[in-house]
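As structure tokens, here come the structures.
Below, chain A partners chain B and then partners chain C, in two separate complexes.
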Partner chain A sequence: ESGDPQRTALLLRKAWTLYSVTPLYRFCRGRLRDYARLLSAFIAAERQKGLAVEVGVELDIRVTLSSLPELQGSEQDQPAVLVQLSSRSRASPKNSEDKILWSGCFCCVYGDDLSENMPEDFTCLPLFLANGAEGYMSVVGNWFQKTFDCIFRRLAISPFNLSWMVAMWAGCKVDKAASAVELVFSVPRLPQPLDISYAIHPEDARALWDTIQKTPGEITQEEVDVFMDCLYSHFHRHFKIRLSATKLVKVSTAIASAHCDGIVKMLHSQYLSGVLMLLTELAISQIQ
Partner chain B sequence: HIATSLPLPSERDHLRPRIDLIVFMIDIKSKCSLKNVEASLAYVDARFFLGKVYFLVTGVGRVNCCSIEINAISKLEEAYCSPVLFCELELEGVRVATAQRLLRMLQICAGLVPGFSALSFSLLMRNSADD
Partner chain C sequence: MDETVAEYIRRTVLKIPRDEIKMMLQKWGFLSEAQLQTLNFHQLKDNISQEVVQLCEENSADIKQAAVLDIIYNHIYQNKRMWSVYQMRKTGEELEYFDLTDFKKKFKRRLRSALKNVTITFKEYEDNAIWIRVAWGTPYRQPNQYKPSYVVYHSQTPYVFISASVLKSNLPLLCQALIVASNYHDIREMELRSHSLNSLKDIVFKRYSQNFQTYCPKPLQGKAVEPENVDLRIVNENRSEKERIHRLNQETFGDGPQPILQFAQYKLETMFKSSPEMDVLDKKEPFRCLVKFSSPHLLESLKSLAPAGMADAPLSPLLTCIPQKARNYFRIREKRGLLPESFLSP
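Let's turn to the complex of A and B:
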């Protein structure tokens, strides 16, 4: 994936809340500046009504929309669209840098399943990543929904999908010292909530995955099951607790971390595309 | 009668009435429950699989809490020729309706409904699911 790594670097090391977005109607890439103006006016109007955040703070909010062609999988994919809300306090000096209040990114990485039979007027960007205050997400989301007749829905990640993620990511080769592979489980039906955190040395996790995976580049459900079963039985041997009866709520590896509420952090630029491809797939299955 | 796994303790064999229907419950949120059911199936006599075994999958109301793949359940259904029912125990209406269904199925399996045998009913259930 060639392209300016600086631009995609803004996606790394931030906690992104995931949404699925239905196709946008009559979204025109050439009009990004117009859309930024319209959205800016909408935000100002909402603030007048007292609906947006930061009431009482003197802020000029600037909206920018830009294309990120680096975030694309296949030729059919639409290039990603980045939305940023930045502010410059009226009190601070003129040449100070804008502070980014909120970022959102529409993207589609190998979303052929969705875009295949899409009529011309529709733009497929099924995955939306949001970072920043919820108030801004609400306002921006409303504007896009009204303007392009689309629907945003929070994208949750099931324990089943989380186990695929941890198996895939634990097997990835990382050059520098990698962080531990961590799985967090929540134990149901207890009077006090209990979370179990299971950390594995990244080399051990990779070695385990290497003994399980038969075809490099291909992963099967059986292989993921065997990987998880090995981790569960190891834990059971030591602690007599059956993790398979608990709910897997969060997974962390050197590549990325993901929480079942639909919050991800991408940590490694080399695998950024792979992670987005997986998330695009989840978003598409929520839409369909 | 409810058991957490099979085989049933042998000490009470002589006190137990005839078993007409076995329903294996699988919680879609717990991989452990699927493994438990798979292990317990080995203890069931082959004759039961002629219409006296059903799988009941619970917890299907929340797709985002799935720990089990639906394919795994379809494979069980095919391998053991036994129909699968889905329900959400937390919704009272669904719970009651499912209980009524199971009771009706038990009546058929016990031979109390004239014109229906356990085998013919289970074939009916599986064929209608395929449509």
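Let's turn to the complex of A and C:
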């Protein structure tokens, strides 16, 4: 799903906080402009109430909602919806560029599990990505929840899912010099907390995965387990520490990085869709 | 008084926590007790620092005095900086008499012959530590007082602790000046870094409590591993295992407090080996990894892993050798030859 690279490029190399969103009731794609106006008025009202999101210079906040048809997987998927809050300081000249304060993106990539059997009034966009100040997320989230009777919930990523991600991404072919495959473990409940970063040369990680994966294009739980066990035992051989007893909190590869608090960064346009598909799946299991 | 000096003093005072300003100014000794009495320490720090600058103006402070105040601040807050350890070597074994005046003269001369614009300041402390502050300039620019390098040298030892500024290009010159001034012929950087200067000293001066295999100060049995349980229905099933782990930990880490390090880094270039039934990677080339351990107090943290059930006891010598080997950066290669399970740490 390449589409217009310019538009999907805005998803790359940013840290996105993940949410799951229950289906939106009576969301009408033709009314995006109206929604933008309503949201804008809502934000202005909240700021006047003193629930100001950003203190500082007088800002005119502009809200734009747009469709991103490039971001969808199957025919049944709803095209993604992008929400952007931008500002132009009243002090600066008229023709200066708007500065983007906050971005949010509703999307659904291969979300058939959720969208099949969904009544007509409901729009399925279970995955939400947010980038920018928490204050704006709060206001925008409130408006969507009120208007479309949906619920936003932070999406955490378990060590189990992080292992899947690192195994999957480590096996991807990347053209230029790739960054290391890094796993970060945390051992918080010791008298002195300990963090362990375990970074593997990307070629060596890929070589290991290639000998484990039996069918290209398919990954099984067993294969992921073997991959992780190999990494754990190599580590144990050297340090006598059992990584499986610690908490996997972050994984990082040339494709993407993911943190257990539900924060991801997508780094490679070719695999953008694949990452979103995985995240959509996580969002759906949180909703169901 | 030069306005750059005034500004530097103002900013230095601003860094100091309010209730420590008086003490530091007293240690500095540049302002008289009478002058210090006139200062109101119960106002905004901004105002305090302005008043200090006024007084310094009265005494015509120059950059040399201002630099001493900076050393005093950094000596007290030494743990804010990252320190590296360097070891000097000399050819002969003779213990030469250390002449402080001679050292300072040679050091200054060596630096100034290479770089015209430098500010060099010395301060000696009771524990035989000589603190040196160097602010670096260029042939065309005055020294940057805000990014100085600090050197701590104990003259009775071949070790120098350096907290370099961001300007790494000045390091070779600094090292040269040190060996010339101290009559050594060579200096090398050790693979040892920490925020805790005292811990680095503990490690290289061997001041932490080492464990000796043959000496056992306490009887091994009967040492309580945890507080007595009042409820007799609760029995510790693994008591003997817990005691074994505790004993092994004592043997490897010793009894006393551990030196404080914040991280240890291992570049692994060993082969990947798996159990034969796993039909996986069997390359003839190393499995390249970089492992980094971080903690506010790394050695204490590692020591607690086995008792917490997360590691085997005894812990790997790669980790326990850190204080003895006086390093926290390692490169591990496969040992060529006979034993498949052994490692070489260079």
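To be clear about the criterion, the second predicted complex is superposed on the first by the 285 of 288 C-alpha atoms of A that agree within 3 Å, B and C clash if a C-alpha of one lies under 4 Å from a C-alpha of the other, contacts with A are read in each partner's own complex, and residues count from 1 in each chain.
Following the convention adopted for this analysis, a contact is a pair of C-beta atoms (placed from the backbone, for glycine too) under 8 Å apart; a residue touches a chain by one contact, two chains touch by 3 or more.
Just so it is clear, the structure is predicted and the values come from calculations on it, not from any experiment.
Of the two partner chains, chain B and chain C are each touched by A:245.
In the superposition on chain A, A:234 makes contact with chain C only, while chain B stays out of contact range.
In the superposed model, A:191 makes contact with chain C only, not with chain B.
In the superposition on chain A, A:32 makes contact with neither chain B nor chain C. Set against each other, chain B and chain C touch different numbers of residues in chain A, with C touching more. Once the two complexes are overlaid on the shared chain, A:12 sits clear of chain B and of chain C alike. Contacts of A:156 after superposition: chain B is touched, whereas chain C is not reached.
In the superposition on chain A, contact of A:260 is made with chain B only, not with chain C. Legend: residue contacts after superposition of the two complexes on their common chain; A:199 is shown touching chain C, with no touch to chain B. Taken together, the two structures place residues 242, 245-246 of chain A in contact with chain B in one case and with chain C in the other.
Put simply, chain B touches chain A in their complex at residues 29-33, 35, 63-69, 71. Of all residues in chain C, only 266, 268, 270, 272-275, 278-283, 287-298, 300-302, 304-305, 308-312, 314-316, 318-319, 332, 341, 343 touch chain A in the complex they form.
Of all the residues in chain A, the ones that touch chain B in their complex are 156-160, 163, 188, 221, 228, 232, 242, 244-248, 260. In the complex of the two chains, the chain A residues touching chain C come out as 180, 187, 189-201, 204, 207-208, 211-212, 226, 229-230, 233-235, 237-242, 245-246.
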